[in-house]
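Below, each structure is written out as C-alpha cells.
Both complexes shown next keep subunit A, but they swap its partner, so subunit B is in the first and subunit C is in the second.
Let's look at the complex of A and B:
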C-alpha cells in the first residue's frame, strides 16, 4: 500500500493508523509520510479526524481511545513507547502548537519561564541559561522588546503574540517536527498572515519539518508543499499541493475547493439601484462604559468607543458588506440598527424615520421590516423549542395569523430554506450547525422583512456548509427582493457576495466602495493589509455555480 | 436536501432513570403512599393514650413500642409522615415561587431593583440559616404557620440568587436577542424564553431544599418552635422521647430513622436531577 519510493528515509511515517473511541472509529487506516524539511498540510472539516490523527502521533489521546497501526519517527514506533520514553520525545523531538494559544499557556507563569521550561527539562540547562535562550527565541519569533516581554504574563499578550510565544516554546529544543493544529484559526486575518509568514521562515531557515492542520485550504496552499485531504476519518486524497488544487481527483476535494470563499461570484454584482437609501446611518457613535462593576460603574471616565462617527447608506435591493476584524465595531453597528444598543450620538434612519425615536406601534412595524440572523447557530435558537415552533412564533405573536395558520406558514418557510419536513419537531441540539442556521434564516424571514442583517452567519460553519448557506442567502434575496447587510471578518466572502463594502477598523469606516474595486485596488493601508493577508487559492477562472444544496 | 439528519453535540439521550433516581423514587413514593393511607395502615389511633402500656418495648402488638403515655409509636410515625411531607411542600413552594419571580426580574432588567434585592440577599446570607429562622419564629411566636412564614422570608433569597445567575447568562444569549429583535414583549420573553431555560437548576435545588426544610421542621419541632405537641411530628416525637432515651430508645430511634429516610430520598432525587441537568437532558 505504501509504494512510495524515496531516496531519503522519511522523518515521520504513519501507516494504517486507526483510532477509535469506544465503538466509534474516528480515524480509519490513515497513511502518510513526511520528509525532513517538508511542510505537510492536513485539510478537512470538523470531525474529519485531522486533529485526532496528530494527537495520536503525539500520543495525546484520551485514555478511552485505542490507536492501531504504526507511527514511526526516524524509524522508532511512537505507539509502542513507554510513558517515560514518550516524555523524552514530546517537546524534544516533536513540538506542538494549538489552535487557542490562550488556553495552552499557564496564566500564572511568566512567558519567559514557560518558553524556557521545555529546554530546562529536555536539554538539562540551568534556569538562568534557559531564560536567556527564551529571550533569544522570543526575539526570533518576532516579539519586540523580548527581555521585557519575557517577564510578562500571558494576559498581557495579544492573541498573535501568545501564538508566537507558543511557537517559541515549541521550537526551543530544536525539534525535528512541529505539529501545528489550526494555529491561526482563532486569530484575525492580518495576524494570521504574519504567523504563517513566521512558520514559513522557520522552515526555510532551520529546515524544521511541519505538519499544519487546517480547515482552510487557502492557508494550506499558502505554505505547504504537500497536502493530505481527510474526510470522516479517512484520507480521500493526498499529493503535491499544486496537483491537488488544480487537478483534484476526489469529488470531495473538488467540493472543498469550490467552497472556498472568493472562488466564485454569486452574480449579485449587477448595478445597484440608485434610489433613495432604505437605511442611512449618520455619524453614529456608541460608547460603552469601561469596567462595569456590580454597582454599575458610575463615574468611570475611561469609556470604550465601539463606534466613532460612522456614516453608512443602504439602498433598496442592495447587498452591502461590512468587513473588519474582531473588535472593529461591526457587530455593534448591527445591534444598534436593531436597537439592541443605544447610540451615544448620531442617528439611524429607515426611510427617513429616526429609528431611535420609534415606540409602540411604529416600533412593532419597524421590527417587521428589519430582521437579523445571528452568528452562533446553536445559541441563536431557544433550546427548549422545536424548530417549527421557533419559526411559527413571530407570525402568531405579531397577529399576522392564528397559531394553526402560523404552523403552516412555518412549514412553508422551512421548506424554503431547504430543511426536510422530518426535522420539523426537532430541537436545535438535534440539528447540525448548518441546519440551525437555516432555521435562523427562516425565523428572520417569517415577518417578511425588507432589510435582513446577517452578522457573521457562516463563521461557525464548515467551509462547504458555508458555501451552501451563502447560495441559499443569494437565492432568497433574489426571490424575496431583500435588502441585505452582510457582516463578516472574511473579505473573500463579502467581496463575492456584496455589491458595495465598508471596511471597519477600530470603530471607524476606513474605506468604502464597490466590492470589486476595494478588493482589486484598495486605497487605505489597512484594507491593503487585509487584501494582502487573504490566503487564497490560485485563481481558478470561472467555476459555474454548482446546483448543490 | 443532501445532508442527512445528523445528531450532533449531544451524546445518545441519557437515561432519565438512573439507579440513584430509582432508589429516590421508591423511598419518596413509599412515604407518599404511607402518608395518604396512614389511617388505613396504622393499627392504633396515634393520639390514643394507654397508660397501662406505657414505655413498652417493640413487640408483636406494638411494632415500634409505645411512648411515655402508651401511644403506639408505629402509628404515630405513620401519621407524622403527613405533617412532615406536607411541610416539605409548603415549606419549599412559597420561597421557590417568590424567589424565582424576583430572580427573573432582577436578573433580566438589572439596575436599581437588582441592586436592592442583591443587598437584601447579602444581608440574609450574613446570618446562618437556622439562626435567622429561629429569630423570626421567636419574634412571631412558635407554631407551624409562623415557622413556614419564617422559612419563606429567609428561603426566597437562595432561589432568587440562583435564578438571577441563570438569567444573567441567558439574557446575553443570541436567542434572547433574536426574540427582542422579533419584537416580542418583555413579559413574553421572560415567560417563554428565559424562564423555561432557567428553571432546571431551580427544580434540582428545590428538591435538595426539601431536605433542609424537613430537617428544619423536625428540628424546630424538637425545639418546641414548630409543630406543637400532641400533634404527631417526627421532631416533636424525638423531643418528647429524649427524657426517656435511657430506658426507651425506641421512642426516639424510629421517628429519627423515618426522618433520615425521607431526607435521603429527597437528597438522592436532587442528586439525580442535578446530574441530568449537567448532562443537558431537556424536557
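Let's look at the complex of A and C:
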C-alpha cells in the first residue's frame, strides 16, 4: 500500500474496518490510509458502504451498528474513545460536511450562530469572538456580505450557500481532516464546480486533508490524488487516481469508468426526418401566481414566470435534449406539453394541431401519442399495484384490449425492457430504482406513443444503472421509431444521447443547436459555464472498453 | 418579513374575525326559540306590557337596526344586561372570569413540567419499559371521565383525608391555590397524556433528523443537542396543541367547575343556559370566541418567534 512508501506516519489509518447492522454486514474489512494534506476519494454506488465507512470513522452510526477493526487518527484509535473524548475530537480534529446541506442545518438558528457553535464549544472563546470569527469564515468560503448573511436563517440561503456555510462551520476549528460525504450531489453543476474549487483551495492553502465520498468518478478525478473504489461493502481497488482511471485492474472499476456520461456515445437512431415538425412549441409562457394568503394584498403580488416565450421544434424520429439547472423551467415545459400545466401564452402543436384546444376523443388520442416517464421511479408507480398490473393499466383503460389481453401485452413489454419475468408480480418497493424506471418506461410505451418525454429519468440512479437505462432507451427508440424529448440537468448525458439540444435558463432558451457543437463550442456565456463546470474524467486516449463482466 | 409586520397583519385580520364573531353571536340569540320579552314580563303579562318591554329593549325594530345597536354597544363595552341578575353582563363575566383564568394557569403549571419530563423519558428509548409504562398510564388518565375522577378525588382527598376543600374559590392567592388544587389536578390528568404523546412523537422524529447528526459531527454533547437543537425543533406541534387545549379549557371547564363548585365562567354558563339568561349566554359566547382567537394569535406569534420560516 502507498502508506508504506512514505516515511511520514499517516494521519488516518483505517484497518480491517467492518460494520454490521444486526446480521447484515454493510462494510467488510475495509483498509486505507490517508496522509496529511492528501485528498482521498471514495467512490461507489449507493449501498456500497462508502457513507457507512466514513460515519464509522466519526462514530456517527446508529446504536444498532457494530463496528470492528481500528480507525487510528494520529495513532489514536477512535473506535475505543469514550463519549466525552469523542465529542472533543468531532468538530475539533475532524470536520464533516454532508450531502444535503438544507437538511443538515438547524432551521431555527441563524447561520452565524451555527458556524460559531463548534468554535465556541472547542476553542473556549466567547460568543462575540465566535460570531466575529464566523463572519470571517463566511467571507473565506465565498459568501458576499458575510456580516449581513451571518444574521440570516438557513431557509434564506441557496443550496450552494448552505453548503458553503456547512464548510465554514466544519473548518472553523482548523481540523486536521475534513470528511465530505457527497458534498455536491444535491447541487447544480455550476454550483458543484464552485464548491469543488473551494475545497481544492482549502486543501492548497491550509493543507487540510480530505476524504471525499462520491458516486461520481468525474468529481473524484477532478479533486483527489488517490481513490478507493468500493462495492458491496468491500474495497475492490485503490491507488493513485491516474493509475486507477487509466489502468483499472478490477472489472467493476472498468464498468464505472465506462458508464461515465459523455464517455461513450450512444449511436443515435437514424437521421431526423426533415419535414413538418412533429411537435412545435411557439412562444410558450407559463406563469404561477406567487400566493400571499389572506390580506396579502399589500405585499408585492408578482407572479412567477416559469417559462417565458419558449420556441421549440421536434421532428419525427429525432432525439432532442433539454438542459438546464433546477428552476430553469425544463420540467414545466414537459408538464405543459402533456397538459399538466396551463400555458398563459403561446401554443403547443402536435402535427399542427393545437394541443390546448383538444377535448374529448381527440384529447384521449393525443394522450396515446404522447407519453411521459418521470424522475422518481418509486413515486410515479402506484405502490399497491404489481408492476405487471401497472403496465397493463393504460392498455385496458384506453380500451385497446380487455384486461386479460392487456396482461399478456404487459408481459411482452416488461420483457422488452429487459425485466426478468420472475419480477412481474412484485410491487415497486420490492424493486431497485433502475428496475422501477424500466417499469416506468414499459408503462409509457404500452400505448405505443409517437413522442416520449423523459424528464430526468436517470438522475435518481447510480451511474452504471444510468448507462444501462440510456442504452435501453436508445435501443427502444431504434426499434419503435420513437421521437424522444430528453430532459436532464446533465449536459454530458444529453450530448451523448441527443442530436439537438436546447439550453434553458430562467425560463428561456439561451442556446440551441446540434448537441456536439453546443458542447464543443458553446456560444452563450451560460452554456460556456455549464460546459466548463462539467467534472469529467481526463480523456485518456485508450481505455480498454471491455464488455460488462 | 419581520415579527412586527407579522403582528400588524394578524391584528388587521383580527378585525374581520371579530366582526364575524359579533354577527354570529347576535344571530345566535335571535335564532333561539322563545321570546325574551315574554320571558321578562312573566307568564301572565298582558300584551300591552309585552309590547312596552319590546319597545323598551328595541326588540320591535328591524333586525339590521338591532344589530347596529348591538354593534355600537359592543364597541362601548356594553354587552347587555342579565335578565336574571339585572346587572350588566360585562360585570358578571368579569366577576366569574378570574377563577377560570386562575384555574387555567394552575392547570398549565401542573401539566407542562411533567409533560416535558415524561416525553423526554419516553423518547429516550422508544418502546422501552419507561415508554410503555408512560403510554399505558397515559391512556388510563385519558379514559377516566373527568366528572368521575373529580367526584372520587373530592371524596378521598376532600372528605376522607380533609386535605383539600371540595368546593369554592377561597380568598387570597394561597387560598385560591389550596381551593383549586383538586380541580386543576383532575384537568391536568387528562391534559398531560395528550401533550406527552405529541411531544414524544416529535422528539423521536427529530432524533434522526439530519441537523442532529450534523450537530453531533461538530462535537456537541448529547445534552447540548437535546436542549439546543432537538427540543426547540420538536416543541412547535405541541405548542399549537396546547393553544387549542387552553382555549378549550377557558370555554369548556364546565364539568370541572360544576363538580367542584368553582364560581367560574363554566358555572355561569350552565346557570345562564338553565335560566334562559340570553344576554349572558350571548356575552359568554362572545368572550369564548374572542379568547380562542387571542390564544391562537398568541400561539402563532410564539411559533413565529421560535421558527423563522413561519414569518414568511
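Methods note: the second predicted complex is superposed on the first by the 522 of 549 C-alpha atoms of A that agree within 3 Å, B and C clash if a C-alpha of one lies under 4 Å from a C-alpha of the other, contacts with A are read in each partner's own complex, and residues count from 1 in each chain.
One rule holds in what follows: a contact is a pair of C-beta atoms (placed from the backbone, for glycine too) under 8 Å apart; a residue touches a chain by one contact, two chains touch by 3 or more.
Owing to the predicted nature of the structure, the values given are computational and were not obtained by experimental measurement.
Q: If we overlay the two complexes on their shared chain A, which of subunit B and subunit C does A:90 touch? Say first, second, both or neither.
A: Only subunit C is touched by A:90; subunit B is not.
Q: Considering only touches as defined above, state whether A:367 meets subunit B (first), subunit C (second), both or neither.
A: A:367: touches subunit B, not subunit C.
Q: Given the touch rule stated above, what does A:505 touch, subunit B (first), subunit C (second), both, or neither?
A: Neither: A:505 stays clear of subunit B and subunit C.
Q: With both structures superposed, pick whichever of subunit B and subunit C touches the larger number of subunit A residues.
A: Of the two chains, more subunit A residues are contacted by B.
Q: Touch test for A:107: subunit B only (first), subunit C only (second), both, or neither?
A: Only subunit C; A:107 stays clear of subunit B.
Q: Between subunit B (first) and subunit C (second), which, if any, makes contact with A:169: first, second, both or neither?
A: Only subunit C; A:169 stays clear of subunit B.
Q: After lining up the shared chain so the two structures overlap, which partner does A:231 touch, if you call subunit B first and subunit C second: first, second, both or neither?
A: A:231 contacts neither subunit B nor subunit C.
Q: Taking the superposition as given, does A:149 touch the first partner, subunit B, the second, subunit C, both, or neither?
A: Neither subunit B nor subunit C is touched by A:149.
Q: Of the residues on subunit A, which ones does subunit B touch that subunit C also touches?
A: 294-295
Q: Provide the residue numbers of subunit C that touch subunit A in the complex, in ascending order.
A: Counting only subunit C, the residues touching subunit A are 9, 12-13, 209-211, 213-222, 224, 229, 232-233, 306-309.
Q: Can you check the complex and tell me which residues of subunit B touch subunit A?
A: The touching residues are 1-3, 5-10, 111, 115, 118, 173-175, 177-184, 188, 193, 196-197, 280, 282-283.
Q: Which part of subunit A faces subunit C closely enough to touch in the complex?
A: Result: residues 58, 60, 83-84, 87-92, 95-96, 98, 100, 103-108, 117-118, 121-122, 153, 155, 166, 169-170, 294-295 of subunit A touch subunit C.
Q: Which stretch or stretches of subunit A touch subunit B in the complex?
A: Residues of subunit A touching subunit B: 294-296, 335, 338, 340, 363-364, 367-368, 371-372, 374-376, 378-384, 393-394, 397-398, 418-420, 422-423, 426-427, 429-435, 440, 443-444, 447, 548-549.
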